[in-house]
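The next part holds the structures, each set out as structure tokens.
Next, two complexes with chain A in common: one pairs it with chain B, the other with chain C.
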Partner chain A sequence: MKGAFLLCARQELLLAVRSRWTQIFAFVFAGLSLAVSASGYALSGGHGIQDFARTSASLVQLVLLLVPLSALLIGVLSLAPERGAAELLFSQPLGRPVILLGQVAGLWAALTAAQAIGFGAAGVVVFSNAGGEGLAGFLVLFAGSSVLTAVFLGIAALLSAGAVGRRRARALALALVVWFIAVVLFDVAALGLASLLRSGTASRVLIVSVLVNPVGALRTGALLALQGTTAFGSASLAFLRFTKGTVGAGLLLGGSLLLWTVVPLALATRRLSRADI
Partner chain B sequence: MTRLRLLVAASLLAAAPAFGGTDMAPVQPGQLEGRPAAGESSPLQALVDRAAPGATVEVGPGRYVGDLFLDKPIRLVGRGRPLLVGAGSGSVVRVRGPHVTVEGFDIDGRGGGDLGRDSSGVHVSAPAAAVRGCRIVRCLFGVYLREAPGTVVEDCEITGIPGKDPGEKGSGLHVWNTDGFAFRRNTVVDVRDGFYIQSSSHGEIRGNVARDLRYGIHYMFSDDNVFEDNVFENGAAGGALMYSKRIRFRRNQFLRNRGFASVGLLFKTCDRVVAEANLLADNARGLFIEDSYDNVFRGNVVAASDVALVVYAGCGRNRFEGNSFVANLTPLTLVGRTTDTSFDGNYWSDNPEPDLDGDGRSDRPYRLSSVFDHFRGNLLAADLFSQSFAASAIGAAEETFPVLQEITAVDHAPLARAPALPDVPRRAPRRSAAHGPAVAGSAGILVAGTALLALGRRLPAS
Partner chain C sequence: MIRFEAFGKSYDGHVAVRGLTLEVEAGEVVALLGPNGSGKTTCLKAAAGLIHPTSGRVTVDGRSAMEPAARRTISFLPQKVAFPDALTGREVVEFYRRLRGGARGRSDEVLRFASLNGASRRAVSTYSGGMVQRLGLAVAALPDAPVLLLDEPTAALDPEGLSAFYALTERRRGEGKTVLFTSHHLGDVERLATRFAVLVGGALAGVLTAAELSERLAQRGVLRLRLDRLPEGLLAALRPLSPGASIRGDELLLPGPASLRPALLDAVRASGAEVRSLSADEGRLDALYAEMVNARQ
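The block that comes next holds the complex of A and B.
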């Protein structure tokens, strides 16, 4: 069983690494994070105002934008079964959940490796210019980025489970819709809802919406880890009071991301087991 | 030898109660500290009392324990940095006569005294005093001017009492009810407020540094003051101007006021103030203005703040012109719906509009506030979304479909190029620590990622 899982993971890792999509993503992500970290200095006039915090805040934006998109697209493209290959694969004497989880693990490893190139390059530029301050926040961001990859791979698995043939295209379109909702629409809706409510309730709605949305959870957690309470001014304190301190905030944010990883994957395995391939 | 003689004189003093009529009665809060009690008197007291009015008294190196009372014109000069150690119950040097000069001393208050009695390193309650080149440590107040017109404090270094809350400390240089004073080239660290000026006009404050405290400079009910070329760093507010009129200030720096709700420069109920060529950099909020009218901000730089300007609705006829707003996360938070503050003719580094006709102004007006900025001004937790794509999306939607609301804060003639910027001073380098491991760790991540991708290509497909 374990052997089969690793075999599937290895196979998927090999396919992902050789895929043009992964290579393009690695290249684009590395290029953009290098540009962000290098221009952080050019824009501040080389005087190093807020060296690390400002630069890494831009890295957070990059992660929030690109990582969900790449995980969803590459996930659906790899996981939605192609007719011939899928028939062969799923006719093997293995449980479908094992195959799926193995594939997701392999994809996750490939995408995390691709992100590591961008993070490593950016880190070398930032730290050699600004000193070693903020290493912990930087590592939190890297870890968060790989967790976000897992979250959206899980959602991609759910979208593409049993999406054979024509339904592949539909899964891809759905992936884009999910990305747009998670990255932009959800927050806009939360802000809109909050504007209709009384101030105290509105604040609670906003804080809960930040915890519920995986993109919002990573943004909040990463910026708090990188910049401390200056990240959102007094709103940080409101948030920390709601979560009863930094430990509570870490648990809630981490729990939200964990649920978002586990639940879609569980649903995906269930759906795949029942699918007719 | 001299010290022995002084000690003898001091004991004689103790035996002669005629010298200090008021010394035995405890001083009530708010009252003036008088001549120190005999046991708390400085050994220099007899020397000073014997000197003729207007004389110069030189004091050699040494440690003199006890408080000193100066009630006539005298020039007290320390040679070789003598140390005056207070008795620990009140002000160390009490100036009660006019034209007193205190120069070249180290003064240690031993953390004693009482805020209600204004216990200070040097407490001046007489006109035309001068305090020069003194180092004052462990005093509640550094130098306190109470009805001391014409007093000058120059080249002093004041360090507060370590480990106390700001509320338990006094100000570095404190002025009350004094018309005309001058502070030049002083350094104030770790006190409540660096310069606190209450009900005092016609002061000038030049070339000082105040850092690691609550407010760098704090005016209350003090009109017609000037401050120039000072640095205010790392406080709850660099400057707080309250209930005052016609203050003029130029070329000051308000830096790195980064704490919770910190502000570079705060205005509350201040009118007809003129601010020119100041630098406000790396503050949580650059400039905060509330309930203030007819103020002019010209040629200042506000850089690297989370919010450059916070303007409350109770403000009117204020004018910003020729300022540079550089690399701020948000240019303006407007609390309330409208403002008649004029923002015309400034440079905004995030203004995307080009200047095609080359007249030095962008071709279209620059909008300072978006719906989201309005929103965050009125709802605390909205800041959690300040760096989200939703906020940018709302801003973009508003630009494209201007039906959402009438935007009230607009620069009608934004500068297309930044005026010459003053140099932002570097923070003292803290980069020696852990520089290597961080770079090595990043390089490790880079290598690991590349290796996995490269290895994956080489591996045979099982």
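The block that comes next holds the complex of A and C.
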């Protein structure tokens, strides 16, 4: 069982590394990370390379935009293969969950490696120009980026589980809808709703909005780790007031991201096990 | 070995297979025949554990086909097999060899058997359709599984692939393995199968063993004779042996099994006529198949 899981993971890692989509993502992410590390001061009227703290804060938005998108699209493309390939793979004497979880693990390793190239390139440039201050926060952001990859690969697995061997276009379209809702629409909708409600209820809506959206949870967690509360928006501030401190906030955010990693994967394995291939 | 027990499958309200009961014994080579959409692929996929029955059940070696343990006893080649373009043929075979726990040298053997050893280090994206099908055949040949399930294996095969397919199936048959396959090529069916099951509209239209088929086909043979003359009373004399005896143009047509032909010729000679030319049409599987399908439709 363990051997089969590792075989599937290794095969998916190999495929993802050779995939043009992963290569494009690694290239774009590295290019933008380098640009962010070099241009942050320029945007505020200064010049030169930023330190780790400013680079990390600038990278948060890039991570929140690109990582879910890449994990969803590459995930669906990989986890909903052509019918003939899926039929051959799933006719092997393995449980479907073993195959799926192995594939997700391989994809996670490939996408985390692609992000490591971007973080690594930016990190080398920043370290050689501005020293190592703020490196811990930078590493926390990289770890968070990796967790966000796992979360959205789980969601991609859930979308793909009903599309193995067919309906891949529909799963891809759904992936884009999920990305748009999670990254763009959710916060706007939560803030819009909160603005219509009385203060206490509005706070509760904002607190819930941080916990139920993995993108919001990672944003709040990353900003908390990097800059304390200085960069917080209204939702994150309401959330921090509710948790009465960073420890409680960290535990709740960690729990939210853990659930977002485990639950979609569990649902995906269940859905795949019941699917006709 | 493979048992379909009142197996039924519907997709979104469309019935693909209805109440199929069929048993494939160990050592048999059974061909599933039928027009497109008759449920052949659904049956094979059910035996490969890829689809859940809507009703009834499908077992392989006594276990539900959906159990991974049942899939240890099968090797399946899908109808339109596909592989990731980014892998080489050897990488594909190696992956499946490791999944099935095959010996290290087995990959070389099956690549050679599928005539792909020269192209095994090329990416699958550079393969022709026939080569992809041969690669599928190589993967199907990897495990020494007791049951081979092949869904239209010869549909896209080139001559080299056909030869490999015949070799694989005949070897497995010789080893007493079970083969269940679908095909539209009746030549393959006649050559390989020991039993034939015809599906029409998702239901079983008939099952024939090879011996029964030979007999049915033999009945459909026609002896064609050209005589120097047609003696009076000849047809009446021949009809006890060949009830369908008739004259078409200048030919005397005598339907019936080949075993009756010497007696028919003796009867013709006894009438005083001289045989100028003689030919025989043998019964053909395609005609019999079409008849079974049409009767059901």
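Convention: the second predicted complex is superposed on the first by the 252 of 277 C-alpha atoms of A that agree within 3 Å, B and C clash if a C-alpha of one lies under 4 Å from a C-alpha of the other, contacts with A are read in each partner's own complex, and residues count from 1 in each chain.
Convention: a contact is a pair of C-beta atoms (placed from the backbone, for glycine too) under 8 Å apart; a residue touches a chain by one contact, two chains touch by 3 or more.
This structure is a prediction, so every number in the text was calculated from the model and none was measured.
By the document's definition of touching, of the two partners only chain B reaches A:Ser128; chain C does not. When the two structures are aligned on the shared chain, A:Gln11 is found in touch with chain B and with chain C.
In the superposition on chain A, A:Arg274 makes contact with chain C only, while chain B stays out of contact range. Contacts of A:Leu223 after superposition on the shared chain: chain B is touched, whereas chain C is not.
Set against each other, chain B and chain C differ in how many residues of chain A they touch, and the higher count belongs to B. Chain A residues 7, 11, 14, 18 lie at the interface with chain B in one structure and with chain C in the other.
Chain A meets chain C in the complex at residues 3-4, 7, 11, 14-15, 18-19, 81-85, 87-88, 90-95, 274, 276-277. Within the complex formed with chain A, the chain B residues making contact are 258-261, 281-282, 284-285, 303-304, 306, 327, 372, 375, 379-391, 393-394, 421, 423-424, 426-427, 429-439, 441-450, 452-453, 456-457, 459, 461-462. Note for the complex: chain A touches chain B at residues 7, 10-11, 13-14, 16-18, 22-23, 26, 43-45, 47-50, 54, 57, 60-61, 64-65, 109-110, 112-117, 119-124, 126-128, 130-133, 135, 138-139, 142, 183-188, 190-191, 194-195, 199, 202-204, 206-207, 210, 216, 219-220, 223, 229-239.
Put simply, chain C touches chain A in their complex at residues 11, 45, 48-52, 68-69, 71-72, 74, 76-84, 86-87, 91, 95-96, 98-100, 136, 139, 149.
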